[in-house]
Amino acid sequence: MDNVYAPGKNHLFVPGPVNIPDPVIRAMSRNNEDYRSPAVPALTKILLEDVKKIFKTTTGTPFMIPTTGTGAWESALTNTLSPGDRTVSFLIGQFSLLWIDQQQRLKFNVDVVESEWGQGANLDILASKLAEDTAHTIKAVCIVHNETATGVTNNLAAVRKILDHYGHPALFLVDGVSSICALDFRMDEWGIDVALTGSQKALSLPTGMGIVCASPKALEASKTAKSVRVFFDWNDYLRFYKMGTYWPYTPSIQLLYGLRAALDLIFEEGLDNVIARHNRLGTATRLAVEAWGLKNCTQKEEWFSDTVTAVVVPPYLDSVEIVRRAWQRYNLSLGLGLNKVAGKVFRIGHLGNLNELQLLGCLAGVEMILKDVGYPVKLGSGVAAACAYLQNNIPMIPSRI
Amino acid sequence: MDNVYAPGKNHLFVPGPVNIPDPVIRAMSRNNEDYRSPAVPALTKILLEDVKKIFKTTTGTPFMIPTTGTGAWESALTNTLSPGDRTVSFLIGQFSLLWIDQQQRLKFNVDVVESEWGQGANLDILASKLAEDTAHTIKAVCIVHNETATGVTNNLAAVRKILDHYGHPALFLVDGVSSICALDFRMDEWGIDVALTGSQKALSLPTGMGIVCASPKALEASKTAKSVRVFFDWNDYLRFYKMGTYWPYTPSIQLLYGLRAALDLIFEEGLDNVIARHNRLGTATRLAVEAWGLKNCTQKEEWFSDTVTAVVVPPYLDSVEIVRRAWQRYNLSLGLGLNKVAGKVFRIGHLGNLNELQLLGCLAGVEMILKDVGYPVKLGSGVAAACAYLQNNIPMIPSRI
Amino acid sequence: MDNVYAPGKNHLFVPGPVNIPDPVIRAMSRNNEDYRSPAVPALTKILLEDVKKIFKTTTGTPFMIPTTGTGAWESALTNTLSPGDRTVSFLIGQFSLLWIDQQQRLKFNVDVVESEWGQGANLDILASKLAEDTAHTIKAVCIVHNETATGVTNNLAAVRKILDHYGHPALFLVDGVSSICALDFRMDEWGIDVALTGSQKALSLPTGMGIVCASPKALEASKTAKSVRVFFDWNDYLRFYKMGTYWPYTPSIQLLYGLRAALDLIFEEGLDNVIARHNRLGTATRLAVEAWGLKNCTQKEEWFSDTVTAVVVPPYLDSVEIVRRAWQRYNLSLGLGLNKVAGKVFRIGHLGNLNELQLLGCLAGVEMILKDVGYPVKLGSGVAAACAYLQNNIPMIPSRI
Amino acid sequence: MDNVYAPGKNHLFVPGPVNIPDPVIRAMSRNNEDYRSPAVPALTKILLEDVKKIFKTTTGTPFMIPTTGTGAWESALTNTLSPGDRTVSFLIGQFSLLWIDQQQRLKFNVDVVESEWGQGANLDILASKLAEDTAHTIKAVCIVHNETATGVTNNLAAVRKILDHYGHPALFLVDGVSSICALDFRMDEWGIDVALTGSQKALSLPTGMGIVCASPKALEASKTAKSVRVFFDWNDYLRFYKMGTYWPYTPSIQLLYGLRAALDLIFEEGLDNVIARHNRLGTATRLAVEAWGLKNCTQKEEWFSDTVTAVVVPPYLDSVEIVRRAWQRYNLSLGLGLNKVAGKVFRIGHLGNLNELQLLGCLAGVEMILKDVGYPVKLGSGVAAACAYLQNNIPMIPSRI
C-alpha cells in the first residue's frame, strides 16, 4: 500500500497532524454506520457535551464540522460577521497571515496589527485602537492563540482585559488550533466568543473535524450576520440539534468514535495533566535548543509555546536541508520554516499524545542531523539538558494496574 | 467503545454511507503523517490521475476537498458562478431540493423545474427554457444524476443533447453523489462541466472527502466567478498543484490511503463490472419489490436507479416503523422516507462494495419486517424472485487464485 | 496483500474458524507488549476467572495454551493418563476419529465404540463396558460433545448418569470444541473432568488458543500421569500461576486482548441468550433443509446440532462441487464432507457471532447453488421456511441505546 | 479495553515479543477465513517457499506450527530423536537451561556442557566429546544460537567445523529464536539439521507461530524417531503438503497474512540490510553501556549479541527496580535478569523492526533511570557515544519515493 518503507516507526514531530494514540486508531478502524439510526445521535449528544470541557465552557455551543482548520476559521467568521465589517487581526506568522487573508477575501475590513515574526501580538496597538473606537466600528478582534509557524503563544487573558477595560463590545474570535487540549485555554473565563480547533492537532485524531464553539453572544450575532454561507452555517446545525438528529449532512462515523476514544484518554489522563505534560515537553525542548547553542525563534519567554518550538539555524545553514535529511535518513518528520522564516528555522512539534522518551529520540536525531549538516553541536548535549530537567520533573505515572 | 451491541454484523443498506471493504478499513488504520513530506505529494499526484478514471474524463481537473457532498456542491457552484447568476435546477426529491436551497442561499437566481417526486427531471421544460434564452442569461444547468430520496436516475446524455441542440453555452453541473462509481457516468462524452461525488457513497470510503471535477470550461469560468469563497476555492488548490505540494491545507492522510485502496479494488474488479454489478443488484431488488406486491416510488423504468430503491408502503402502514423495526430487531439499516415521502417509502440502498448474498439477506429481512407490521407478504417470495434472476445472471468470479 | 478479490463480504459458514466480531478485530489490532510487565498478568488473572464461566465451572482450573484444538486434546490426555491406560472413546465422525487416532499414537489402549456416521455415541455399549469393568481398568471415557463432521450432539448428562450409576471412577474427558459457548454445557453439574475448546470456534476469535479446563480430580490425576509432555504440561502453568506471572512461555498478547473483548460481548449478550441464538439459527437451518427436500446427515432429532448442519446431497450430486461453486460464484464458504461422507454432504456452520440475516443470505445462496448443480429446488422455499420460524421467534434486541 | 493508560507509545525493548510494524498490524486486522478454500493453500505454498529464505536454505523443509518457541523446540527434538538418545547440549543461560530441561523431560540422555553465564558454548568440550565418541552414541548436538538471557551469540560455523573434523554424524539442532532474521544465519552452509524460530522475535509478528526447518537428514531421522508425538509430528504436515491442502489442523489466518506482510518488509529492506541494521543498533547499545561505565554481561567481544544486551548493574543496585521504574515512570519495557543473573542484569532488546531514534529514546530513558536509582551516570553520555557511532554509520534510507 505504502509507496515507501523504512524500518521502525516514523518519528512524527511536525506541529500537526500529530501522532494518533493506538486506542484511537483502533476505535476508528470500523465500517460505516447509518447516521440516522438512534445510535449516532445518542453518541453525538454526549460528544457535544464532552467537547465543551476541552474549551472550558459551559455556556458555549459546539459545532463539529466535517472540515479542516481553514474551514473552521471560515465558519467562525461568516456566522458572526457581515461583509464590510471591521476586524482587528494580529499578523505574527504564517497562520495568522492566512487567517487575515481569509478575512480579506471574505470582504471584511481588516485592521492588520503586525509584529516581527517571533514576537507575540502587539496588544498596545489593540488598546489604542479600542480606545479610539468609541463608535464601536470594530466588530471583532481575531487572534491566533498559538502561532504554529513561529512557536509564539499569545496572552488571551490580556486581550480580554483590554476589551473589558474599554467596555468594548467587539466579538473575541480565537484560533485555538495548536493550543486547545495542550495549552491553558479558558473560553468562559476569558470571554471568548468563538474558539476553534482541528481534530488533527492536540486532540490527536486524523484531519477532518473542525470544532467551533460559539458563545451565546456569538450565536446572537449569527442571527444577523450577512456573510453568505451554507455548508458552514451554524443555523443548519442548530435546527438539527433541536430535532435531536444533530447532523444536517453526513458526519464521519469513524471520527465520531475516534473523538469518543480521544476524549476518554484525555479525561483519563486529566486535562490539566495533559497541559502540564505539554509544558514539560516544551521546556525540555527549549533546554535542548539552548544546549545546542541555537536560538529559539520566539523572542521572549512570555511567548514560549509548549506545543511547537521553531529553532533558528545559523545563517550559513539551510533549514530545508535539515528537514529533508531528518526525513530521509532518520525517519524523523520535522516542520519546515514557512514564508518569512523559510530556510531559517525548522520546527519541532511537541503536541498531542506524546511522551518523554519519544521526544528524547527526536532530540538525539536532531543532534545527529545538525552534525551531518556541519553545525558544531556537541553530541548528547541537548539530550543531557532535557534529561536533567525531565528526570526531576516527570511525575510517576499513576498506578497502571 | 460502542454504546450498543447486537450479535453479528450490521446489515447496512442505507444509500450512504455504505459498507467499507475490509482492505480499505485496513489501509486506513494508521497513524498520521507529515503531509509536507515527499511521500504524501507523490501519493496525491497519482490519486489525482486515477480519480479522473471514475469520472471518465481525461481533460477534467479533480479536487479532493476535505468536506461532504454538501461542501462539494458549494465548491461546484461558488467557483463557477456569481451572485445573481441564473441557473436552471430540477426539483425531483429531497437532495435536489437541498441543492436548490443552497443555490438560493448563495444568491443565485434559480429557475426551479419541479417534477412529482418519483419522476425524473422534466427535460421538456429545460428545452423550452433554453430555446427562449437566446440572450444566454442561463449560466448553468444543475442536475442531480441520481436522486437518492426517490431512487430516480436522470438522463444526463439527454441533457447534453438539448444543450447542444440549442447551442447553449450554459455550464452543465452534475451532482453524481449517488451515481459515480456505480452508474454509467461519462464526464467528457456528456460534456459535463462540473461533476462531484462524496467518498462515503459508491467509492465505499468513510465520509470526509468531496471530490469535484472541473472541465476546462469550468476552470475558465472560475477565473471570473465572483461568489465569495476561500475554503472551497479551486484557485488555492491550483496554486499548490503547480508547486507540487498539492494541499492548501491539511488533508486526511487516512482518506488518501483509503482512496488508494478503494480505487485499487474498483480497478481490479473493473469499473464496468462494478457498474454491471450495481445493475444486477438493482434489478434483483426491483424484482423482489414486485413480488411483494409493492410499488417502486420511481414511476417509470427509464428512471429506475441501480443504487437505491424507494419502496412505497400501503397507505395503512408507516414506513418509519419499518425502518425502526429493521434496525431494532434485525440489525438491518434501511433508509427513511424524506420530506414529501416521509412515512410513505422506505429505501434500500444497494450501492458500493456489496454482493448478492448480502442483498438477499437484506431482502429476507425486509420480508419478515413487512409481515411483522401486518403487510400480507408471502415469505420467501421476494427472495425467490431475486434468486431466479441472479442465479441466471451472476457471472463466475474471475479465478480467485 | 490478498491474492484474491471479490466484491462485498465473504460469507463464512464453515463450522470454524468462524466470523470474528468487529470489536474483537479492533481489540486485537495492536502492537506486542512485554508479557512480564505487571499489566499482562493482571489481565490474565481476570481472564482465567472469566473463562471458567463459559465452562460453567467454579472448581475447574483453566489453561489457555498457545495451540489449536488438536493440541488441547493432547494436553487433556497427556496430563491425565499414562501410556497403556485404557480409554473408552466414541467414533461417530471425522473429529472423534482423529481424537481416537491421537489416543492410539499416544499409546493408550482405546476401546473404540463406533456408530454409523450421523448417529450419536452408543451409550448402551458404554454402560455395558462400565458394568463389566469392576476392576476399574477403564481410566477415561473420551467423548466429542458435538461432532463437527456430521452435526451430531452427544448427550453428556447421560454419560455422567451412566458413570454414576456404576460408580465408576473413570475420568470424563470432553471435546467441547464446537459446543462450548454455543450449546448447553455444564462442566461442574455434569462432572466433567477435562473440557476443552479452541478460540476459533464459538468464542469467535482467531485460531491460536486452546482452552483446557481441569477438574480437581483431573489435576490430581496429572500428578501421577506418566505420559511424556513438556509444552502441554499443566504443571508448568501451575508453577507460574502460583508465582503470579502466569505464563511459562510467551502468550499471544493479541489473543489475550481479543479474548477479553470476546468474553465482554458474550457476557453482554448473556451466555444463555447466546445459546438460545444458536438454537434459533440451528432450527432455522434445519427447517430450510427440510423445505429443500434434503436430508440432514444427523439421523435423529435428539442429536441435532445447533452449531453445524451436515446436509446430505442426492446420490447423483457431488457435494464437493457445491462447496467449490459456493466459494467461487457466491463468495460463500461452506464446509466439505469429510472422510466417509466426502462428496455426500456439505456442511453449514452456524456457530459463533452470527445473526439471522447473515444466515438467510447463506440459505438463499445455497438455494441458488443447488439449482446451479441441477437439484430441483424451489427457489425461496428454504428461506421462506426459515423466515416463518424466525419471524415468530427472534426476540427484540434489548434496547440498543 | 486496556486496564492501563499512559500517554504516548510504549517503548518496547524486551528481547521479545518485539515491535510489530504497522503494515503487519494492518495485514492481520481481519476476519477469519475458511482454511480449506483454495486461497489459503495458495498463500501457504508461497509462504513455505519464502520462509526458507530467512533460514538461508534451499534444501530444508519448513513447518509453520501454531505454537511458541517452546513448542518448536519440542517439535525439533521429538521428530528426530528417540527416548534414551544421547545429546550434547550447552548450558550458558536461562533459555539453554530450559531447552536442556525439556530434553531431559523428553527422556533423552543429555551431556550438559556448562559455561559461566556470560560466556559462549564451550566448543573445546564438544570437540573432546566427539573425539571420544567413535561409536557415534551422540545423536544430536543442541545449541542455542543466541542466548537471550545473557546476550551471548554462539559460533555455529565453528560447531559445524568440529562436527566435520571428526566426521561425526550427530544431528545439528539449533535454536535460532532470537537470531534468525536478525543475525547472520546460514542453515545450508553450516549444515544445520533443524533450525527453529518464533514469530514474535525478529520476524516482528505476534506470538503464535513456531517455524521449524528440517534438513533432508533430519527428515530421514524423523522416519525412525520413536519419541511419542502427535500435535508436533512433522509427518502429519508432510501428508497434507502432499495433498496440497497443507494444514493438518487449523492455522491462524491472521498470522499467515501477517507473515506475508512481515516477509515483504524484510525482503524489501533486504535480509542482509536487516542484519546490518541489527549490528548497527547492537554496536550503538554497547557503546552506550561502555559510556555509562557499566559492564556487558557478555564476557568477550566474539560473543556479543546484536539482538540483546544484558547490562550488569553495580552490586549495590537491584536490576528489578530498574526494570520496574522504566515501565512505571517512562513507559519503557526492559528485560529482567533471569535465574542466576536475576537482580544483577537488565536487558535491552534491540531486535526486530526498529530504528535508530527509537533506540536513542530508550537509551536516554535508561540514563534517567540509572540516575533515579542512584547510579552516578553522566546524563547524555550514552546517547552521545551511540550518536557518534550512528551518525557515521547509518546509511541513507534508499530513495523513499
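For clarity, chains are labelled A, B, C and D in written order, and residue numbers in each chain start from 1.
As a convention for this text, a residue touches a chain if its C-beta (ideal position, glycine included) is under 8 Å from a C-beta of that chain, and two chains touch if they have at least 3 such contacts.
Computed from a predicted model, the values in this text were never measured in an experiment.
The set of chains touching chain A and also touching chain C is given as B, D. The interface with the greater number of C-beta contacts, when B-D is set against C-D, is C-D. Among the other chains, D has the CA centre that is most remote from the centre of chain B. Per-chain CA centroids place chain B at a distance of 45 Å from chain C. Separating the centre of chain B from that of chain D, both taken as means of CA atoms, is a distance of 53 Å.
Mean C-alpha position of chain C lies 34 Å from that of chain D. In chain D, the residues touching two or more other chains are 1-4, 19, 22, 25-27, 29-31, 38-39, 42, 327, 400-401.
If you check the complex, the residues on chain D that touch chain C are 1-4, 10, 12, 14, 16-20, 25-39, 42-43, 66-71, 74, 83, 102, 105-107, 198, 200, 206-208, 227-233, 248-255, 257, 260-261, 327, 333, 335-336.
Interface residues of chain A, counted against chain D in their complex, comprise 1-9, 11, 19, 21-23, 26, 29, 265, 268-269, 274, 277, 328-332, 353-365, 367-368, 371-372, 378-381, 383-388, 390-391, 394, 396-397, 400-401. Residues 1, 22, 25-27, 29-31, 38-39, 42, 400-401 of chain C are the ones that touch chain A when the two sit in their complex.
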